[in-house]
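Encoded as structure tokens, here's the structure I'll be asking about.
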Amino acid sequence: MNPTDNAFILVCAALVMFMTPGLALFYGGLVRNKNVLSTIMHSFMMLGLVSVLWAVVGYSLSFGTDIGGFIGGFDFAFLNGVGMGVEGSPAGNLPHLTFMIFQCMFAVITPALISGAFAERMKFSGFMIFSAAWLLLVYAPMCHWVWGGGWMGEMGALDFAGGAVVHMSSGAAALACAILLGKRKGYGREPFIPHNLPMTILGAGILWFGWFGFNAGSALAADGLAANAFVTTHMATAAAVLSWIIAEWVHGGKATTLGAASGAVAGLVAITPAAGFVTPMAAIIIGLIAGVLCFGGIMLKNKFGYDDALDVVGIHGLGGTFGALATGVFASIGAEGLLMGNAHQLWVQFVSVVATWVFCFVMTVVIFKVVDALVGMRPSEEDEVRGLDVTQHSETGYQL
Amino acid sequence: MKKIEIVTRTFKLDDVKHALSELGVTGMTVSEVKGFGRQGGHREVYRGAEYQVDFVPKVKIEVVVEDERVPELVREAKDAAFTGNVGDGKIFVSPVDEVVRIRTGETGDEAI
Amino acid sequence: MKKIEIVTRTFKLDDVKHALSELGVTGMTVSEVKGFGRQGGHREVYRGAEYQVDFVPKVKIEVVVEDERVPELVREAKDAAFTGNVGDGKIFVSPVDEVVRIRTGETGDEAI
Amino acid sequence: MKKIEIVTRTFKLDDVKHALSELGVTGMTVSEVKGFGRQGGHREVYRGAEYQVDFVPKVKIEVVVEDERVPELVREAKDAAFTGNVGDGKIFVSPVDEVVRIRTGETGDEAI
Amino acid sequence: MNPTDNAFILVCAALVMFMTPGLALFYGGLVRNKNVLSTIMHSFMMLGLVSVLWAVVGYSLSFGTDIGGFIGGFDFAFLNGVGMGVEGSPAGNLPHLTFMIFQCMFAVITPALISGAFAERMKFSGFMIFSAAWLLLVYAPMCHWVWGGGWMGEMGALDFAGGAVVHMSSGAAALACAILLGKRKGYGREPFIPHNLPMTILGAGILWFGWFGFNAGSALAADGLAANAFVTTHMATAAAVLSWIIAEWVHGGKATTLGAASGAVAGLVAITPAAGFVTPMAAIIIGLIAGVLCFGGIMLKNKFGYDDALDVVGIHGLGGTFGALATGVFASIGAEGLLMGNAHQLWVQFVSVVATWVFCFVMTVVIFKVVDALVGMRPSEEDEVRGLDVTQHSETGYQL
Amino acid sequence: MNPTDNAFILVCAALVMFMTPGLALFYGGLVRNKNVLSTIMHSFMMLGLVSVLWAVVGYSLSFGTDIGGFIGGFDFAFLNGVGMGVEGSPAGNLPHLTFMIFQCMFAVITPALISGAFAERMKFSGFMIFSAAWLLLVYAPMCHWVWGGGWMGEMGALDFAGGAVVHMSSGAAALACAILLGKRKGYGREPFIPHNLPMTILGAGILWFGWFGFNAGSALAADGLAANAFVTTHMATAAAVLSWIIAEWVHGGKATTLGAASGAVAGLVAITPAAGFVTPMAAIIIGLIAGVLCFGGIMLKNKFGYDDALDVVGIHGLGGTFGALATGVFASIGAEGLLMGNAHQLWVQFVSVVATWVFCFVMTVVIFKVVDALVGMRPSEEDEVRGLDVTQHSETGYQL
């Protein structure tokens, strides 16, 4: 066991954990007053629900002995054999528990990301059951495929910190949910204006901060690679902030605060799969493109007519996909991408993108339909108009 | 002159404003209010302590107009605010003796 | 008795309050409102979705006074709220039948 | 019909609402306002800069009722809002010409 | 000196420091608008007051040469002999300054915790004097007893990260204060509704994040034990979030945001004494029980009729007590509890619980009475009605 | 490469990054409602703009091969030669990328600090151009002079973590901007009351937390010196919180929340240049003086008649200057100050203070005038009255 790496990854795990409350605030600020708590709960509850599921069986499905390249076995169920030493740890330098908990934080935030798509119109009971099923049936396999010894990793797909596992998967699920759940009542007629942008900016700041744990920690050691991932993360994000507000400014004449925050998230998403494989200057290019691309994606959304309330598809789906492909283009550290003459890598990345979208989208549709049939996903129209805070949680956000 | 006060659902504000603008109303004043009525409220619970909240968010639109325009404006405002469900709200009409436009000092109907 | 309602710019609240106090007004009630008028609003943009916001923050000052003081108070309030630019707002005067001071039970002019 | 406006302490809202409900009032509209009066305000200090804040948070309850019920309701509202300390507030009664219930189109006393 | 451990504990100390602003927000969101700043000050000022007191004499009283098992001597007063090297450091792997400042952060948050009990009705001057006295006369002895070489530690009581020192002590003090100060004006008649629940959730998120420093840091090294404490902390908290909202849902039909946040804190509190002594699965059990127990405790509060405004007794007192006893039951790492056949440990824990409650309650009563006689603890009725922000601090929280 | 130091400095870099969103909230809470987003943007955008500039050329100008003691060369432009190993790294124990990104975070926050002076009345376009120019023409040289091998460091001036580079420089720039831009419309007539003090307190909490990375990280190693800097930072800050509110209480009879938060920042600023050179008890003295001094400085401001909206001059300018001189007085670790009999050090500090003020003030005036001529710095009066959020960014902060 390497104590330095252990210290580093434990701190990184804490940083990644902090991202989920950060996401709660990021999303919470974007909805209307009457749904702020409901939206916050969609993230916060994942800390409770997913963590326990992870210990019980999720970790084992993801990192247990590989079964046919598709899923892990039950060896680590109930954290059996996951101890303070390195025995059985997928990272030989880390206590098994350290590796497990670092991965746990990734599992927590992924279903929380989806919730932006169905904000302001989801029943809490349906949400909880959906998320539990989604974790075990979508996230755990995806995680196994890429990092747990499954086929995608074996194929050579590069995903440093979760472009496919975290962002494409949640983006595809978001698209399915947005379509299946339908538009919010009043969509297109009433204004849907963020009720608290300073809260959203705070959330973006926390996400940026925590993402250093996410990406640099994915080096799983406190080495130069971690430093590189840290720097590429920061630089891509900074570049995406700039390019998003420049795109906005060209498009509508004003740079917005929400644009800056959205650009930051777009940059963070896009660099995630690439962080340890590309140089800082390549990261800046990736960030610059990501900002413009995701802005454009959101502009296009209205053409399609689904109501992805907080733009999970536009930012996580699109940004994650772009990042995965960009990794295949720009990879130059510990792997070779197109620019190093290795077109095959781009092809592998492309396969992983398609497989991820198809698998996650289809599975999400199935889970959604089943849960909808069981408990119903959408609240009554009257409840939706009154607001989910009062009708789902018997609370109101503010008494100012 | 008369003041028309429309107390209705918050998400109907734009519709009512639009209906009145169409009829040439060029000014109105809006406040956020809480309404108590047949519609009923909701329950809130904080660490097990229950509170019955009888008030529902509503919007109050005040517009001062010439006497002769009252019937027409009331009718249109009513239609714009109508959903048919309990809680649509009320329209009140009351007398106004004088109006002054601060910027110009105009008074009476001219000042509206 | 009459109620004088002054709808004007928020940053003029202190000036108007001061002007009325000078004339011996000892009570008034103020609300934050949103005004729609000639002044026009502004555009807001959130992730590319544009919204036209027609409402401008205004303040509404309500003061109930004896009939005979109305002209003087309206004049002074008008002067205090005046900037000369569109959006200065309006003053409305309307009748009040009765006033009661809760603490003492006094009614009429005495209660003001 | 008459409008009764009760401006009083915020924490008295529930008591007043209760008193009026007891007497069969089924609707009222409430706003948060700031009151200036004998009660006086307070001082605020931010990095050494002092501000005198003359306004105290109050609540304004508006209820439109049939003429004949005014005296009774005013009396009960007054009792419910009473604490005996400066700042208890005022009750204003003013005329209303017409009331319309948006949902049903009823007018006059029926619409209340 | 072990640089890895030093790095780890310094970062943990920063995390624990961050908990106090987090607590300020957690509590601040729960009170009414007019008392938000006063409530925030009760936590924030402890960073100022306690830290300086700690350097002057508090640290020495806690960790100075033991005097009769009861209190430390003055050897380290004014940080005399507390230097950059390990000389004199109670943790031989850490610079003495590192150990001292890590402990300082614990001392800061403990009196801040109490303040939830007397929120909305405490004079600022009284609060400051009370807190200073309480730190030196209650916290320092308690800390010495358990960690500084005092009798409780010698007896073999297990308290990994402060179940007795931090949570039971503040819970007992909270009970005393709530009783002595009386109910808030209007209690039971007017609604006391949290004015800003998103702020409370943010506070809960920060607390959870910082608590990793609190508990994992209490291993005082970046080893497997730290990893275990990190994991048990996270899992117990997650489990308590779940069990609290399930209890709520069974009881009243709705899961609330405040319930989720409260469950998190209950879980964090309960696992604190146990974090390094139990396995992750035992932590989940502890968390599940803690959530239901603290929810029940708060339900019962109304029967007793004291006004513990923000439920310090129900969460920290009850949760800390349960955690201390649960440690005696579940301990299996580096110690043996009841389930390992060692009933004696449970008895020791029980003794430590009783001693802590009695000592802290009695001392708090004495300090309270003296300070009340000196400067008065409760503001005038008119000041309380106007709100403490304006009357104690000449400020208001919001101009929205 | 030392992995422990690498882990420590990466985490510290993340902490320093988090300070900038913290500053956004600290400042954002202090302005009026209608300018909250504009004020937040002034900090948040520096994360985007400065980071990219830093990679492109800023880092090289600061740490490239010294040219005449005045500026660095272009060797590291586009991060050329800045890699995962230690080659070329100014800190031989750290990957070059780690050193670069740690420094990047300092460069980000410094121009953000200035923005408090021109809050509520700056055009966004002017702000962006001004900040870019200021970074390259003021920050980069200052950084080079002190830490990059330039004349000030060579002269022996002590600046542990940026008293001159960060705080005096931004303070001097703030003074120039406040004078040149003129007062806010309504200044002295209308009330300028902070619109959200809980947000300011949150910001102060984040700053305090992040500042541990700033100061302890400036040891560039996880050693006893880092522990010392950590402790002095905490103690000076705590002491300044106390002394500020005591000064307030003596002056006006009340301790305020904003005073506590301001005292914290004053203490953090004052200890910054001294953190690694003085003992914890000296830090307490420095903090006590800083709190009173900065409070007094702000009281005096009104006499001068410039509108330094959020008191950057009073806190960063004055606090940084005091800290630099205090370092010359109290230095006793790795350097000797006046109290150790070395009056020369105080003289050197004095020279560095004067040079910093003059250079930064003059350069800022020049940059300001040029940018003002190019795009204009102040919005139209009507835009200023409507608020910068709506007129510069087409957004509003809250819909409550």
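First chain written, first letter: the chains are A, B, C, D, E and F, and each begins at residue 1.
By our rule, contacts are C-beta pairs under 8 Å (C-beta built on N, C-alpha and C of every residue); 3 or more make two chains touch, one makes a residue touch a chain.
The structure displayed is predicted, hence computed values, not measured ones.
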Those chains which touch chain D and also touch chain C: B, F
Any chain in contact with chain B as well as chain E: A, D
Classification of the chain A:chain F interface as same or different, half of numbers criterion: different
Selected from A-C, A-B or C-F, interface repeating B-E by over half of its contact pairs: A-C
Inter-chain centre distance, chain D versus chain F - centres from mean C-alpha coordinates, in Å: 51
Mean-CA-position distance for chain C and chain B (Å): 17
Shared-contact residues (touching 2 or more other chains) in chain C: 31, 44-46, 94-95
Set of chain F residues in contact with two or more other chains: 4, 7, 11, 191, 193-194, 196, 202, 252, 254, 256, 258, 394-396, 398, 400
Listing of all chain pairs that touch each other, if any do: A-B, A-C, A-E, A-F, B-C, B-D, B-E, C-D, C-F, D-E, D-F, E-F
Contact set on chain E toward chain F in their complex: 1, 3-4, 6-7, 10-11, 13-14, 17-18, 20-22, 24-25, 28, 36-37, 40-41, 44-45, 47-52, 55, 78-79, 82-85, 95, 97-98, 100-101, 104, 124, 196, 199, 202, 389, 392-400
Interfacial residue positions of chain B with respect to chain C in the complex: 3, 17, 26-31, 64, 94-103, 105, 111
Chain E residues within the chain D interface of the complex: 186, 190-191, 385-386, 390-391, 394-396
Residue ranges of chain D in contact with chain E within the complex: 11, 14, 42-46, 53
Partner chain B, residues of chain E touching it in the complex: 191-194, 248, 251-252, 254, 256, 258-259, 262, 295, 298-299, 302, 311
